[in-house]
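Have a look at these structures, which come just after this line.
Each of the next two complexes has chain A plus one more chain, namely chain B in the first and chain C in the second.
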Partner chain A sequence: MSVTVRTFTSTGEAAAVLSSDRSARYLGGGTLVMRALNEGDISISTIVRASDHALTRIDATGSRIIIGAGVTFARILAERDLGFLHAAARSIGGPAVRNMGTVGGNLFASIPYGDFTVALLALDAVVSVQGGLGSRDMPIEEFLQTRERQTGTLVLSVSFQKPASADAFRYRKIARIKPKGGAVITLAAHLPVSSGRIAGARIALGSMAPTQIRARAAERALEGRTLDAATISAATAAAVEGIAPADNALASGWYRREVVGVHLRRLLSGQE
Partner chain B sequence: MLELRKDIFADERDDNLKEIGKGTQRQDMLGHVTGTSTYFDDHKLQGMLHLKVVRSTHAHARLRRIDTSEAERSAGVRRIIRGSDVPRNLNTLLSLINFGKDDEPSLAVDKVRYKGEPIVAIVADSPREAYEAMAKVRIDYEPLPAVLDVEDALKPGAPVVNDTYPKNAFIYHDVYDHQKLRFGDVERGLAAADHVLEQRYQMSPIEHAPTETNGSIAAPDTNGRYIVYTSTQALFFSLDTCAKILDVPSNTFHFIGGTVGGGFGGKVDTLTEPLSILGAMLTGRPVRYLFGREEEMQYGPPRGAERIYIKDGVMRDGRIVARKIRAYFDSGAYTRLSSYAAVKCAAHLPGPYTIPNVYGDVYCVFTNRTPATAMRGFGVTAMDFAIECQMDKLAHLVGMDPMEFRILNAYRDGDMKAHRREAKNTALIECVQVAAEKAKWPIREEFKRASSRKEGGGSRAAIPPTPRESYAPATAPSQQRTTYDRAPATSREPPSPPPPPPPRPLAPSHGAARFSSVFGTRRR
Partner chain C sequence: MAKTALQFQHNGRDVAIFVDGGTNLLVALRELIGDMTPKFGCGQGGCGACSILIDGELHLSCLTLAETVAGRSVETLDGIKEGPNLHPLQRAFADNFAAQCGYCTPGMLMAAKALLDRNPQPSRAAVVEAISGNICRCTGYEPIINAVLAAASGGRARA
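Right after this comes the complex of A and B.
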């Protein structure tokens, strides 16, 4: 069977095909789907595309930011209002990949990829998806936990509250090959501060589990405290609690467990 | 800024060189920067078919049964190629220069010896249809114990990887299971040394990672000939290899090379051409066979991994008096070019240093890993890494500056090398001096004044007495058998007679006889 490409103007039609055809995949920038096809993945027989302009829209004017699923990392890097996400966008691939790869596609990228999604997870993003029966909003954590099933839906956009200050959002990707390597660990932290104390801490980690996860124990260690040395040490010590990373070609699970606290300490204390 | 130290060896060089120091346009650069360079895969021929290979999922297994019946009925499939379709389904690359025995099939027949070994080739109208047919090939494996470590592979009782070499070591000159170098009495040298340092060095396989993966397109031409567009980095070597495997005269083929999108040694193994030509022969259509990226990374041949043991004896004043080396080259499951790497390695010992007692044993070992091949200085690079690490450690041990330590031990003109050749045109001392100067690394005046052309020769030119080793008659390990390593050994094999002495040079009738590590003794 050959591969069929179907392009729709409306997201509804595209979503209908995705939900009814198991072998259909949505093609964003093609950095994942075309690679799979070129390497002989015969589970994909239909490629679905949608030309709806809403998919490539960025709304960064208000306090709630909405990024269309088809927005590329190159466009995020060109958007001044999204400066706090530039480090995350720049950490993905080389210029060619950033010109094609999309925010929506990154949600489906498996280890050692999917770095931007780590940032979105720390920002408590909401993923807007369209299934066969209509669209709905879903917390990003729920989306990631059910990611296998989400190939049958169309991601429309992600949205999240803009961090109150530049210091409140931090991102760090640990790779052996710079600047283009796959991640050993990716870390993102959102640390909103309310009257001097952290309120609503989010620590997200990539490559520490089959999908991007939150380091809840570390979040608890930060919650309600000031970001001082003692708090940072407590969060660092809790970084691996309940987390069992796997081995891959870039690093062993043991190594990841050993170093995640080191990198979390650097992230929280603002070290380069 | 390029600076040439022409004063150092002014009288040893014809100084009519006209290129160095000038800007010269690389001949292929215009095509590369304008995106117009032609690669083999830029040929899209009418009716072209696509070949994909089903690979072993086991490191070592017997093939009980290969069922392609469902794959043959799959849409778009034009031909399934099995090992029995390959005219001469056993080859070794260097057989073209009479070195080594044929040991590697193009398509595995009864056994697979590494994960990723090709078993069945599928020729279909499109890559997609070939992939779909691949999923329908049923292979019944009987997994066998695998050996993945070079020293384990040489132990008695180890699984036999490659039946052509039942002791898991390449055999040189039909007799020797390793390359040997003996110069002086290394054991006495070690005994007399003030310090002895023994270290183990383990390298990893290294993938060439070319931007363009291995591939070729073969197309029937008039007169029963075939045109082959290929990414090979060794055009006529590949042509002759194909002629041998396909059992046709070499003028059957017109090989067209061109831009190689990254070779570095990873495109000499002629992995795709025999099958794409065979596909064209069997279907009468052009056939394209291109490695995917994962195929290239996982099953394309890497630089082999070496394990090296170095034991050095050094005096308090910094002189190295003995160097004993054992090295194991991991050839993977088949020979490819590692046999030659071991020869190069032995020829490189003990590095560019004058050491009165040198001992080297270099093995080319078969394991159930991806066959290794050439890569930039293979045979020498890893050994140099080990030797130079060792030099730093030795310098530290005797409390000497590492640069001065190298100058002290460097060979000089007139010295006798461990291969019983006089060292000529040596320049290590000058290189170290310049490196120290450029790095602003302080070295003492006497080392700044040292020269490759002074104080060499004399007693340093002598060939030391070298004890002959008494050969213990080798007993073949009873557990090692020539065919499948499954049946229990029934009786212990009789001890084999000691190996015959190395062939004596024949009395020269025309010119002098010379010894080559690859060919043995031959006349000039």
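Right after this comes the complex of A and C.
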């Protein structure tokens, strides 16, 4: 099986091919697309690449952070201004995978991967995509819900508001193999505080549904409250509400439901 | 299907080959260049047996589209020996019984080299992290970690 490789300098041309050819896939770091080819995925007959430098740009100077889709996890780890995302970037793969895998590609990584996207979901990121007709910004939740249809678009960047303090953003990945391994559960929480009370809490979970999801019931339990023991217990109790995780080789759905509250409690109470 | 001309540096030497579309770098190295040091393990990015350096950075050759290394420098285990002498890491692996069946060894050595090139005096934790993408099913990792630390300290034993 041979595929056609098409490399463009502009994202517009690359997006035009992606949107018009159902068998075309965009190649970022290769950890998803090359893996699919190695496994004999015959649905891919065209590989599209774009060399536009905007795809590998990081703008972390202001309060609104923009990360190009082609930025690797190794680059995130090298960026001091993105320190709050280092735990999430470090939890992915070994060093080689972090040198290759990209932020944009992670949006398409299915369970048990896609850990960085859990962090982006908690941060309420906006995904900039380019289709055949032009570019548009899309909330990350909408992107994830329509992910199956997004292979025909080119992700340009993700952007989000920088957390106000180091304490406001938390991340935790539960894996059986350390320091690397597929996730049993991935958790991220963004807990902005306004005059002592949580305002706009977002809790994101990975491996608890086919795509990364928000724990809305737990968010409601936190909203408008101070992060004390009673609040944490209420959020923990609500962690699985409306969530039905599936079984996979790393853990059963039952186990995930049983332990997600334990890990959410540890995340919220700042335990290691 | 048309082939694509591809030129890059392989262990300091210019090579020019023709690749089929979609060929991964591991296949290009093994089948077209004849460098058998990178190994095929999983083809998924899970084992690290195919680890190589591209412009000095650790990459997985099985997940690298061959065409993307055009004009770049690719380093494999085949290139790390120093003339007739083994590289200090290779010597340390032999001295510390860090290779058993040997299948993971090329990838382990390249992951270790990527670490020592950047951090010549790593902590034990840094070594563990550096080889965390490489699976070994024989040694239990301890001899490998000891070997990398021994190579870092110039062959002297380290507590």
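Just so it is clear, the second predicted complex is superposed on the first by the 271 of 272 C-alpha atoms of A that agree within 3 Å, B and C clash if a C-alpha of one lies under 4 Å from a C-alpha of the other, contacts with A are read in each partner's own complex, and residues count from 1 in each chain.
Please note the rule applied: a residue touches a chain if its C-beta (ideal position, glycine included) is under 8 Å from a C-beta of that chain, and two chains touch if they have at least 3 such contacts.
The structure displayed is predicted, hence computed values, not measured ones.
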Chain B versus chain C as contact partner of A:94, first or second or both or neither: second
First, second, both or neither for A:42, with chain B first and chain C second: first
Contacts of A:3 with chain B and chain C, given as first, second, both or neither: both
Chain B or chain C, by number of chain A residues touched: C
Which superposed partner A:106 touches (first chain B, second chain C, both, neither): neither
Partner chain(s) touched by A:27 [first = chain B, second = chain C, both, neither]: second
Chain B and chain C contact sites that coincide on chain A, given as residue numbers: 1-3, 38-39
In the complex with chain B, residue positions of chain A that touch it: 1-3, 38-40, 42
Chain C-facing residues of chain A, complex: 1-5, 7, 27, 29-31, 34-35, 37-39, 47, 49, 74, 93-97, 99-100, 179-180
Chain A partner contacts - residues on chain C that touch it in the complex: 1, 4, 20-22, 24, 43-45, 48, 51, 57-60, 62-65, 67-68, 111, 114-115, 128-134
Interfacial residue positions of chain B with respect to chain A in the complex: 52, 75, 126-129, 131-132, 134-135, 292-294
